[in-house]
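This report refers to the structure that appears directly beneath it.
Lettered A, B, C and D in written order, each chain numbered from 1.
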Amino acid sequence: MAVDLEERMLARVQRENFSIDEELERVRARSRRIGGIAMFLGTARDRSKGRDVSSMSFEHYEGMAQKKLQEIRDRALHDFDIIEALVLHRFGPIEIGENIVLIIVGAEHRADAFKACKWCIDELKQITPIWKMETTPEGEVWVEEHP
Amino acid sequence: MAVDLEERMLARVQRENFSIDEELERVRARSRRIGGIAMFLGTARDRSKGRDVSSMSFEHYEGMAQKKLQEIRDRALHDFDIIEALVLHRFGPIEIGENIVLIIVGAEHRADAFKACKWCIDELKQITPIWKMETTPEGEVWVEEHP
Amino acid sequence: MKIKLFGVLKTMVPGKQDLDMPLPEGRRVKDLVEVLNQKYPPVGELLLKKKVLVSVNQEIAHWDTVLEDQDEIALLPPFAGGSCVYKKGRIDAYGC
Amino acid sequence: MKIKLFGVLKTMVPGKQDLDMPLPEGRRVKDLVEVLNQKYPPVGELLLKKKVLVSVNQEIAHWDTVLEDQDEIALLPPFAGGSCVYKKGRIDAYGC
């Protein structure tokens, strides 16, 4: 199945930080019928399971990670009454406060946008092969979030 | 009750368009403990109740509108397990595709952020004295959205 | 007293601007509504049908809210968001 | 065949890098797990406890999935997000 370049930008991993305004523009550019956009942005917290965290790093399974993000976008577009969706996760070292993951869902009406956005991030956390290493006072630890 | 300048920026109306990245920065700057940020952005659709819409304009009740937005932010901060919230609505003429309203909610965990964000926009639509005039092929009409 | 008009209401009065009138006898919201209904029947009809609410000092008022000369009065047609105040009776406006 | 390791797993094998080994006799995932359990007991234990899953060609595999020489194999510890595959049994990995 051929996936064009713009579609590939709508479900991707990348090392660099991203601008929410720029990512939003990709979604909005797809239709003037969009009236409600729900977004989720995951950021790097300075505490995790009661420990201080000074920095973190994400490792991903190249290929499978992208495939899972694409699957999530495809299923969201199919299962919800929405117009466009974007799913983006960073990898590599990330400083406290920085962006980690972004979901953007555009729909005609807000209820659908919210439902799909929440589903995307829940699904992403469950099925995407990405691992997090936190640097804490006790050293580097590979951690799993509370689901 | 004195409200400092930064707090006033977190619940406001304005004529100008806004950057989501800049508004996000106001919320993130308040705490490094934020791990999940849910956002809602309302944009101007080119269709409404089966009619084409070529542009729109919002009128607000100066003073009462700001008061209601401040109330919404205060109640969200009080009633949900969140860290910060921003509530922003534009007034004046707005072109199709442009931003109208923005809610940003930062929390430690995403479920709380989503709940509060959805509550804020639902509440805003219900209690904020703002009116919308759409320009359609049949002329200018004051409209009320589906709730 | 000044009465602010918003949205569609401004198109419904001569001059298309805010109203200025003396404090009505009885000094309650219901007395103001009666005066408005006599002078501007289309506006009065919306008020009586509760399609338009009265706010006093930036809070939704009731039929029996007492008015003072310095109060900030406004007539509020349904908000852009599809206001529950009209649809769900959440705010007990006019005892409804 | 190459076996990719992720997250904490790389710290659990000598050389801290991906593994390379012949296709196991029997050619099924369970045969691979048995070989891994002999050569790298800490990794084997996580596999047997289903804390670590095996993927074949980028899909989660089952005990009985048949392996080919050209398959892309990976061992996947729990994902950062708190993967349901381990917690809610949503993916029927290893027949669990």
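One rule holds for everything that comes next: contacts are C-beta pairs under 8 Å (C-beta built on N, C-alpha and C of every residue); 3 or more make two chains touch, one makes a residue touch a chain.
These numbers were taken from a predicted model, which means no experiment stands behind them.
Identification of common neighbours of subunit B and subunit C yields an empty set. At the far end from subunit B, in terms of centres built from Cα atoms, lies D.
Centre-to-centre separation between subunit A and subunit D, using Cα means, comes to 25 Å. Here the CA centre of subunit C is 70 Å from the CA centre of subunit D. One simple way to say how far apart two chains are is to compare their mean CA positions; for subunit A and subunit C this gives 47 Å.
Among the residues of subunit B, those in touch with two or more other chains are 146. Shared interface positions of subunit C, i.e. residues touching 2 or more other chains, are not present.
Contact annotation for chain pairs lists A-B, A-D, B-C, with touch applied as defined. Taken in their complex, subunit B has these residues touching subunit A: 19-21, 24, 28, 32-47, 96-97, 108-110, 113-114, 117-118, 121, 146.
For subunit C in complex with subunit B, the touching residues are 4, 6-8, 55, 58, 72, 74, 76-85, 87, 90. Residues 58-59, 61, 63-64, 67, 124-133, 142-147 of subunit A are the ones touching subunit D in the complex.
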